[in-house]
Amino acid sequence: MNWLIGAVLFLILAPIGGGLIAGIDRKITARMQGRVGPPLLQPFYDVGKLFEKERAVVTTAQNFYVLAYLIFIALSGALFFAGGDLLLIVFAFTLAHVFLVLGAYAVHSPYSHIGAERELIQVMAYEPMIILAAVGLYMVSGSFYVTDIVTTTVPAILYLPGVFLGFVVILTIKLRKSPFDISTSHHAHQEIVKGITTEFSGSTLAQVEIAHWYENVFLLGFVFLFFAWNPVLGIIAVAVTYLAEIFVDNVTARARWQAALKSGWLATLLGIVNLAILSYMMLGGA
Amino acid sequence: MTVNEEQTTIGVALEDLTREVKALQTDGYRLVQIGCTDTGGAYEVNYSFDRGYQYRNLRLTVGPETEVPSISDIYWGAFVYENEMHDLFGIPVNGINIDFKGTFIKTAEKYPFSVTRRGGDQCRNA
Amino acid sequence: MPERIIVPFGPQHPVLPEPIHLDLVLEDETVVEAVPSIGYIHRGLERLIEKREYTEYVYVAERICGICSFMHALCYSQGIEEIMKIEVPDRAHYLRTIWSECSRLHSHLLWLGLFADSMGFENLFMRSWQLRESVLDVLEDTTGGRVIQGTCKVGGVRRDIGAEKLAEMHRALDPFEAQCRDLGDVFLNDETVKYRLQGLGVISKDEAYALGAAGPTARGSGVAMDHRETGYAAYGDLGFKPVVETAGDCYARCAVRVKEVYASIDLIRRAISEMPEGSLDVKVKGAPDGEYFSRVEQPRGEVVHYLRGNGTKHLARARIRTPTLANIPPLVKMLPGAQLADVPVVVLSIDPCISCTER
Amino acid sequence: MSTMAFLKRSPWILHYDASSCNGCDIEVLACLTPLYDVERFGIINTGNPKHADILMITGGINELNRAVVRNLYEQMPEPKVVVAIGICAATGGIFRECYNIAGGVDKIIPVDVYVPGCAARPEMIIDGVVTALSILEEKRAKMTGAAQIKDDARQAAGETT
Amino acid sequence: MQTLLFLIVFPILVACLLLFVKRTTLRYAVVTLSALAIGGASIYLLMRYAFEGAVYFAAPSEAVGLAMVIIEMGLALFIIYMGAKFRNYLAILLAAIQAVLVVYLEMTFSGSLHAANNLFIDQFSIIMALIIGLIGSLIAVYSVRYMETYHRHHPEVRDRQTFFFFVIFAFLAAMFGLVFSNNLMWIFFFWEITTISSFLLIGYSETEEATKNAFRALVMNLLGGVAFIVAIILLAATEPTSGGIDLARVLASGDTAIVLIPAVLIGFAGITKAALMPFSSWLLGAMVAPTPVSALLHSSTMVKAGVYILVRFSPVFAGTFAGFSIGLVGGVTFLVASAIAISRSDAKSVLAYSTIANLGLIAACAGVGTYMLVWAAILLIVFHAVAKALLFLGTGVIEQRTGSRNIEDMEGLIVRMPKMAVMMFIGIAGMFLAPFGMLISKWAAIEAFVQVPFGLVFIAILAYGSAVTVFFWAKWMGKLVTVTRNTERVEKGFFKEPWAPLYIITGLVIAAVLLFPVISSALIEPYVLAIYGVTALMEQANVAIMLLMMALLLVLPVSFLLFKRTARHLPAYMGGRPSTPDLQFAGSLGLTREAQTRNYYLTEYFGEAKLFRPGAAVCIVLILVSWVLAGVAL
Amino acid sequence: MGIFQMTKTVLRNLAGGPATRQYPAVPARTGPLTRGHVVFDPATCRSCSLCSKRCPCEAIRLDKEAKVWEIDRMRCIACGDCVESCPFGSLAMEPEYFSPVVEHVVERYTITYVKPEKPAKKPADESAGA
């Protein structure tokens, strides 16, 4: 039954946690820029506001895709916190993003379209690394199941420093942070306006935002796995990682898509080298 | 180290225009601007050039409907001024390299600086 | 075979604060064709000479643009003074120089911020604009307006800066320069910024000259051309050397502006120390009769005010050619081949000021 | 549920320069920067009409901008308010008499708040937004009210049939 | 046994009959009825033999063998004739070599060339037979109307439809023969027939390009054929008495070292037939053939013969370095072909590259050959066959209806041809999305490769490759679902008949996902168990989750109804510029332009020109390495 | 070498606290010269109409007969010309800005200045004396 509790808790708490994280993020970002920043609960106000707005669409279909995006993001997160198979979770996660992309395609608008293309480039950039991270965790813990990985006593991070670093790189893509916020960004001034979310408004946009909260919690959970053998350290590591992402967000210019793709793939290469050494050691040891 | 700026203005005839401009270009002048002045019934078109802060003006005087040859094949960037000339004054310019065909500056009034406008000066905001 | 994407870029676009439109034709994200089109700010203010007397027209000239508002007033006033043969007192020259350079500072800092923003460097944008506020505070304290100063007039200036205030400004310059240098370091040395700027939108020296580029756009390509060299206002006394870079890319144009920030600070410092005493203005009587092409170096390059008086209170013609208009042809040449992500960067690298371009 | 009022805490703005001189523009931008930091009030400059609640217009509308402003206004989802920044946007300002200026935003679209000044200062722009918020809130209440009435009508119709 | 013989012989009879049917309606009737018969027989096969494991049949051999040799000689002569006619001397040379080798084989080992049982059936054959019997016959039905329209659109092409359908049915017979044969000589015979069929069908339109591509395909496949026959000679030579041409005995032979060289040679034949790199170009060229040909031969069935043989031999490959490098050929092909697919906008070209990529993936699994990988490989064969057939046929319909098979022109298909768009959507989803089949197989493959020494190479390949796959499929999908305005619906007025096969195949794609636990436990697992003594199993929980995802996907569209009434419709954001509903706006220079949304092709990074050569070079080296390694092992 | 050149600023910002001027909690920053809005003193205006002549925006309207002085707040650019031109000190420039409004504001004043009963010579004396 544990798994069910995990999943349900995630479904209920992740939006709250994700929203708070977003709030803290905005606050810290503001401070890094010498500003006061919005109230902590601002993300909730924003989403609440979006639900109050009129429903306006370019095409009705967009709502469907965004809803599917939200549901599958929540599903992959729930599977994760239910202790499911990492690979399956990664695939569900990809499926979710494909829905978001389709939503942007469906509206047939130049900026959404470019955002969608860029989102796909991002998927292409980060997906290898996520798969590799799952494989790395498998090699350390002997299982693809989150339940098993969490309960392992092996300090995964010691075996997988390269994989972890690579993961941090693609985390920048996933959290939509500079330098890799190419498909859409929390900052207003993008060359492609709001990119993939340009045509989403009102409650549809709110759903995208909530999905993003789910996603962030899930991703931070993934970070935790590297430190799972020591939960306290794990939580600290998650916090530090997130802070580092905010920091990087604030000290870099946005990259072009070429750089995003290359960085994602090079990070993966780093992970592969790490795993190669690891498997060599394991072969040698065995 | 302070350079003294000098300004000279020379009249030029319509048929000599391209030749004179070409000569200035060969001399290493850059195009600063082309501007028109409505002198009541005719236009003065000033082609301004500069080399080392020395300012030279070719002044062409044309009637309202006279076609003026484009100098954009000599100075590529001349198209901005020539389009403007057309849009604001209604002076037809022949053979601009990038011809906006009257959409460079869209105005509520057609050719607001044109000589034909005088007299019809109506207040719209009342 | 890449297919062609056509995107209407602007007039409303978050990256460009001013309306300009481009029809971008892209292959993947590479620009193959970009035709800019303007006209969203054309007000027709040149014709306001019919409504305003030549002395009042300064207010209109100031509002050709709210960024280098002072420079337009200056250029206009100098033109009228030249036609009417008015000798402006020295102190007024110095004050005009200080305000000009303050305008340049605030304009360059503003641009640096927008430029950082176009690269998606939000923090750098914030920082640039934060520094800019100190300049605006000085401007407000000395002229009464943050962006529209309203202090230049035909025949001199309207307001003085007291000795105390001058001393205070002088004291503030050193810490301010230190902050600007920190900021400049980010623009000049940060790897991510360099990665975005170097080799982008290259325009050679000859090309820049032939296309009539002005200001930092020309100087970034190695064309040493800066109207302050002609020594108007107090520049003749203070001495001045143009800042030149040779690479001709966006990075070079950025570097020119960063270094001009330092140069401006230096000019202000010297102008304050060498400030002569004397009156602020001379009485202006009569009406201008004659013509003059008044030229001033604005933050974006040389501006030309062609003024023509006919002996009445109303000018016969005012024609304003601003630097951005001159920089549009180079821009048209720079865009093809850039990436979509670079379009705002390239466009901003000429520091477009549409407001004055279209008047 | 008319008790919800997140709208007031999260007004997203769209700024459009409809032929201003840049003076008011840069002051709008300055509002975002550290010294004024309107994000304190939850304000985000979205740059996208589909996401915006408040349309800030600077400058008297010129000929080309008429259609653009109308287009942007129409693309914004309800409830929305328009804030005219600067006297150019209020009446055309000093350019009122120019041949290409329509003379004030209210000639094109309904304006809810005028922020006078040339240039309008960041503080005034903040004040302008604050004024706009209550109008925004009113409009929202009216909107939900209208929806409520429609719903009631629908229900009533359902009951009778 | 009768069923097997029926499946091999019946299509030949139909083929001959069709030579004389000239009227479309009549042909339609004949084809439909025989399709029903063939499909029915393959389902009967499933029910009859599914639970019996491998069953062997001693079929008449002497006479058949002789007939086969005679036909082979005839075909060789035909190729030589064609080669002479079109001046393709390489084809002549290869055909001659083959003929000489066959004669040599017959002369030298004539007495001893006996397989104990010439025919057999096991679960793997059943799966293949189902693919051939169901998908193949559906495609045949579809072809009738397609070809009629084809000739209306292409009046310049000589109408040889009777010949066309003759070849199609002959081909079906050959495919059945190939998967039922236990005698390597027989397999070789059927193998050659498929090569010839492909040659004839690619060259169907008789244009210069078609002829050129047909010969390219022919030459490459003949090259594989030569390797095949050499392998048979080697096997025959090593075990002259028992007749080393008995497939079952070869596979069961404990002496891996001896079998390895022939296996690698046959594997090479498989590589050519499956169009892995460096031989991928023939499959691309084959796309000039009418679309049903592409669907039938060049994606769902014939090329599967190549991977079929690889999977058959994977117990031999398992654990050897030679097998590993064949696997790598597949892996590299998978990665490179997927990447190239990004740069393609022609739908058939994308499908071709994706086919090559997936065949590569299957080859990778087969080459490394552990039990889980074989399980994954077979699953891949199944899912790929259904989804790809659907996509090819769909592309065919779209092309005939809209006049273009460029993916960009499929923009807004959801508005113009909603039914077709939904089917294409399902087909594409089947290719890369969880919980559809291909993804399950990839997932299984990753889990399997983790446990293989040096499997990391493949994991890396899979990680990159599947990311790339997402890109090109998703952008195609996006084009389909784009809701364009002011576009006319063009679905109606098209023949009714082609839709039935499409509906059925769409149904098969969905059924394959819903039933895949059953397919796995009833067919694949027993097969793997029989070969390896262990078998792969899906976790029950994961199966449940995937079914849940599938259910969600099926239910979600209902939510459409929720949104229908309330929303206000706004035009798309165009930078504030007023525009018409079809995105026309007033552009610079006074032109009216239309906003174009086009996909990215990233040619600079993923172009064929950029990737093909390096990929092919690596593959050639790997193939050579596999030979050397096989030699070393001996 | 500058990978994270911005670090210095970020750290300084984090340590130094926000630079934000907490408007509206803290009143707007103004200088002594700040041109906020024009105030009119109806008690001293002598209807000379200089202000309305000088105004570049036609923001001031004066009706001598009706003794009405109007300023259109939606036109005034706060240039201060009227203040400078008023010979009687009836106008002043306040640094506070005119607040946002929901509709067009034209402020109308009735001039309450009453011509003193004294001979016309007197004011001249006064100004000479001052």
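Chains: A, B, C, D, E and F, in written order; residue numbering restarts at 1 for each.
Note that in this section a contact is a pair of C-beta atoms (placed from the backbone, for glycine too) under 8 Å apart; a residue touches a chain by one contact, two chains touch by 3 or more.
These are the chains along with the protein names UniProt gives them: A = NADH-quinone oxidoreductase subunit H; B = NADH-quinone oxidoreductase subunit C; C = NADH-quinone oxidoreductase subunit D; E = NADH-quinone oxidoreductase subunit L; F = 4Fe-4S dicluster domain-containing protein.
On a predicted model such as this, the values are computed, not experimentally measured, just so you know.
**Student:** Going only through chains that touch each other, what is the minimum step count from chain D to chain F?
**Tutor:** 1
**Student:** Within the chain touch network, how many edges lie on the shortest path between chain B and chain F?
**Tutor:** Each step joins two touching chains, and the minimum needed here is 2.
**Student:** Measuring between Cα centroids, which chain is at the maximum distance from chain A?
**Tutor:** The chain farthest from chain A, judged by C-alpha centres, is B.
**Student:** Farthest from chain C in C-alpha centre terms, which chain would that be?
**Tutor:** E
**Student:** Contact counts by the stated rule: is the higher one at A-D or D-E?
**Tutor:** A-D
**Student:** With chain centres taken as the means of their Cα atoms, state the distance from chain B to chain D in Å.
**Tutor:** 41
**Student:** For chain C and chain D, what's the span in angstrom between their mean Cα positions?
**Tutor:** So the centre of chain C lies 30 Å away from the centre of chain D.
**Student:** Go ahead and note the Å separation of the Cα centroids belonging to chain B and chain C.
**Tutor:** About 24 Å, centre to centre.
**Student:** How far is the middle of chain A from the middle of chain B, if each middle is the mean of its Cα atoms, in Å?
**Tutor:** 58
**Student:** Using the touch definition from the top, which residues of chain F touch two or more other chains?
**Tutor:** Each of 4-6, 10, 18-20, 56, 77-78 in chain F touches at least two other chains.
**Student:** Got the chain C residues that touch at least 2 other chains?
**Tutor:** Residue numbers touching two or more other chains: 5-8, 11-15, 19, 29, 35, 37, 39, 42, 44, 47, 59-60, 63, 121, 123-127, 130, 145, 148, 190, 192-193.
**Student:** Can you list every residue of chain D that touches 2 or more other chains, as numbers and ranges?
**Tutor:** 16, 33-35, 37, 40, 45-50, 62-64, 68, 72, 77, 93-94, 96-97, 99-100, 118, 121
**Student:** Got a list of which chains touch which?
**Tutor:** Every pair of chains in contact is listed here: A-C, A-D, A-E, A-F, B-C, B-D, B-E, C-D, C-E, C-F, D-E, D-F.
**Student:** Give the list of chain A residues in touch with chain C in this complex.
**Tutor:** 32-35, 110-111, 113-114, 178-179, 181-182, 185, 187-193, 250-259
**Student:** Sort out for me which residues of chain D touch chain C in the complex.
**Tutor:** Going through chain D, the ones touching chain C are 14-27, 29-30, 33-35, 45-49, 59-60, 62-65, 68, 72, 93-95, 97-101, 118-119, 121.
**Student:** Provide the residue numbers of chain D that touch chain B in the complex, in ascending order.
**Tutor:** So the residues of chain D touching chain B come out as 62-64, 92, 96-97, 99-100, 102-103.
**Student:** Going by the contact rule at the top, pick out the chain D residues touching chain F in the complex.
**Tutor:** 34-37, 40, 83, 87, 90-91, 93-94, 96, 104, 112-118, 120-124, 126-128, 130-131, 135
**Student:** In their shared complex, at which residues does chain C touch chain A?
**Tutor:** For chain C paired with chain A, touching residues are 5-8, 13-15, 29, 116-127, 130, 190, 192-193, 195-196, 339-344.
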